[in-house]
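In order of appearance the chains are A, B and C, and numbering begins at 1 in each one.
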Amino acid sequence: MNRLTQLLEAALFSAAHPLSVDDLRVVADGASREEVGEAISSLRAHYDDGGHAVELIEVAEGFQVVTRPTFAEAVADAQIVRRPRKLSRAALETLAVVAYRQPVSRAEIEEIRGVSVEGVLRSLIERGMLDVVGRGDGLGRPLLYGTTPLFLELLGLRSLDELPRLDELSVALRPPSERSGPAEP
Amino acid sequence: MSVSAGGVTTDTPFVVQVEAFSGPLDLLLHLIREQEIDIADIPIATIADQFLAVIDQFGLNDAADYLEMAAQLIRIKIQMLLPRPFDDEEWEDPRAELVRRLLEYEQFREVADWLATQASEHASRFVRGWIPEPPDQPPRPIVMELAELLLAVERVVEAMPEPILHRVVPRPLDVEGATARIRSLFEHRDELGLTEIVGPGASIADLLSSLLALLELARTGFVRLAQRQPFGSVIIRRESTDAAA
Amino acid sequence: MNRLTQLLEAALFSAAHPLSVDDLRVVADGASREEVGEAISSLRAHYDDGGHAVELIEVAEGFQVVTRPTFAEAVADAQIVRRPRKLSRAALETLAVVAYRQPVSRAEIEEIRGVSVEGVLRSLIERGMLDVVGRGDGLGRPLLYGTTPLFLELLGLRSLDELPRLDELSVALRPPSERSGPAEP
């Protein structure tokens, strides 16, 4: 391991959240993006080839060192780590709508989900997965919501681009125009 | 908990698990998919009766969201019974909007499943459990924009109880004029300081007009408010035309 | 690295505190003290020989993987680099109230904002944006707060007179005819 790789390892071990290439450049005293990129590859290879129980992953538009899934059960069973609380259906559906429609108002989310979302919205904001990102133009200038970097981090997504494209979802979701029937003559 | 509500008004029995529902659209989709009904040609009378039977059996009658949907189903059911015009081309299917909503909702439900899988996979990767205390060093210099403060004022004012609200006195504000003036200033330059825009010795009304115009221009993406260095003054920069989206 | 060494690495990495040999035996599915001891030596050697920025140390309560002291600077940088440079919504709203109502007591701010502002007030004073400017006449002669020159400097304003007046602001930002119901949470 060269000095730069060591610096990045120390930094990634000490940060509570993923660090972006730019964050890492600050740590590495202004090394270039290329240099940081090389050191990242070198560190990743080190973990992989050395048979480490940790790995370097790309998440939330940054990098993070995490344990490999194969050790999760043993570590969780020994009660060293508490697994994160599962998200409710209501939370998942709300996150889905906000992820695709952001910035989006509460009324729009409720229109799509067909239920009141006040409580679940507040809880997702408290958990840091959603946030207010602006105000709409409409009547009363409603608050608009969007996803946060923590949303990406907790779901293990590199960026919002990693979300599946809506047109790639299952066949049942084709709009009525592509089917036959009275809905769309 | 599951219940068979078969035979209420249909020949096909169906089974529902109430805890699985995240709302009336979810329940409706369940009924449709469970019975392999063509979503483009929903037998609305049957589905409406089944829907009512389920919310009755699960005591969802109090849930406003479910009741609203029940009312909508009944309305569509009635519309379907009305005689169609002779010219079938003119006929608008009363179910069309519901079908559109169901398909849209189903799409997001599928995304929610995808997110759940993703979350559970990622939950087996643990981050470092012990993160050292952040060092006791001065925090990074704050960046604050005037627009942020003004929006905060607006939030506070909105949240205040009515009696505290100030009397509203119309002022000779000329936001339109200020907007036009700022736009013309930007015809020749890409960047201006706040003081350049407001001008020396501006009256409160002038200043306010300019600030409001700026806020609006910033909101629509025409300009961006920024600070080049932490303690520097606010810089107003014209956004490139394609960045407005 | 054998499986036992990997398990210990995963456990030590994800644990919030040092782990004793007995803790580690639980993770390792009842391995003997000797086996655990060997795996610890092996992991330590791995970090030392591989030139890692982290090391395995023994403290009073057990074993822990920590960054080496030579990388203290990188560690500090990594923790500071993500520290927010933007004020939170709560801070901005408190600042807004003080800017327009100064000199103002904490009780008055709390009455207007409807929430406790003790923490946010202290943080704004620490950051040099607010300061105590006097004492009120009321019961207990409460401290009164006001904005500092730094506050103006950050906004690029010459004086407080340059702030728009509250009544002008509320009428202009939002016509009263559009105001409906309580604000969203």
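We adopt the following convention: a contact is a pair of C-beta atoms (placed from the backbone, for glycine too) under 8 Å apart; a residue touches a chain by one contact, two chains touch by 3 or more.
For clarity, every value in this text was computed on a predicted model and none was experimentally measured.
Set against the Cα centre of subunit C, the chain with the most distant centre is B. Geometrically, the chain at the heart of the complex, using CA-atom means, is A.
Here the CA centre of subunit A is 19 Å from the CA centre of subunit B.
Centre-to-centre spacing of subunit B and subunit C amounts to 29 Å, using the average Cα coordinate of each chain. Among the residues of subunit C, those touching two or more other chains are numbered 10, 13-15, 67, 75, 79, 89, 174, 179. The residues of subunit B that reach two or more other chains are 126-129, 131-132, 151, listed in rising order.
On the side of subunit B, the complex with subunit A involves touching residues 20, 22-26, 33, 38-41, 64-65, 69, 89, 93, 95-96, 99-101, 103-116, 118-129, 131-132, 151. Subunit B meets subunit C in the complex at residues 126-132, 134-135, 137, 139-144, 146, 148-160, 164-171, 173, 175, 193-195, 204, 207-208, 211-212, 215, 227, 230-234. Interface residues of subunit C facing subunit A in the complex, by the touch rule stated above, are 1, 6-7, 9-11, 13-15, 19, 23, 26-29, 46, 50-54, 65, 67-68, 71, 74-75, 77-79, 81-82, 89, 174, 178-181, 184-185. Listing the residues of subunit A that touch subunit B in their complex gives 13-16, 57, 64-69, 72-73, 75, 80-81, 83-84, 86-90, 92-93, 95-97, 99-100, 112-116, 135, 154-157, 163-164, 166, 169-170, 172-173, 175-176, 179-185.
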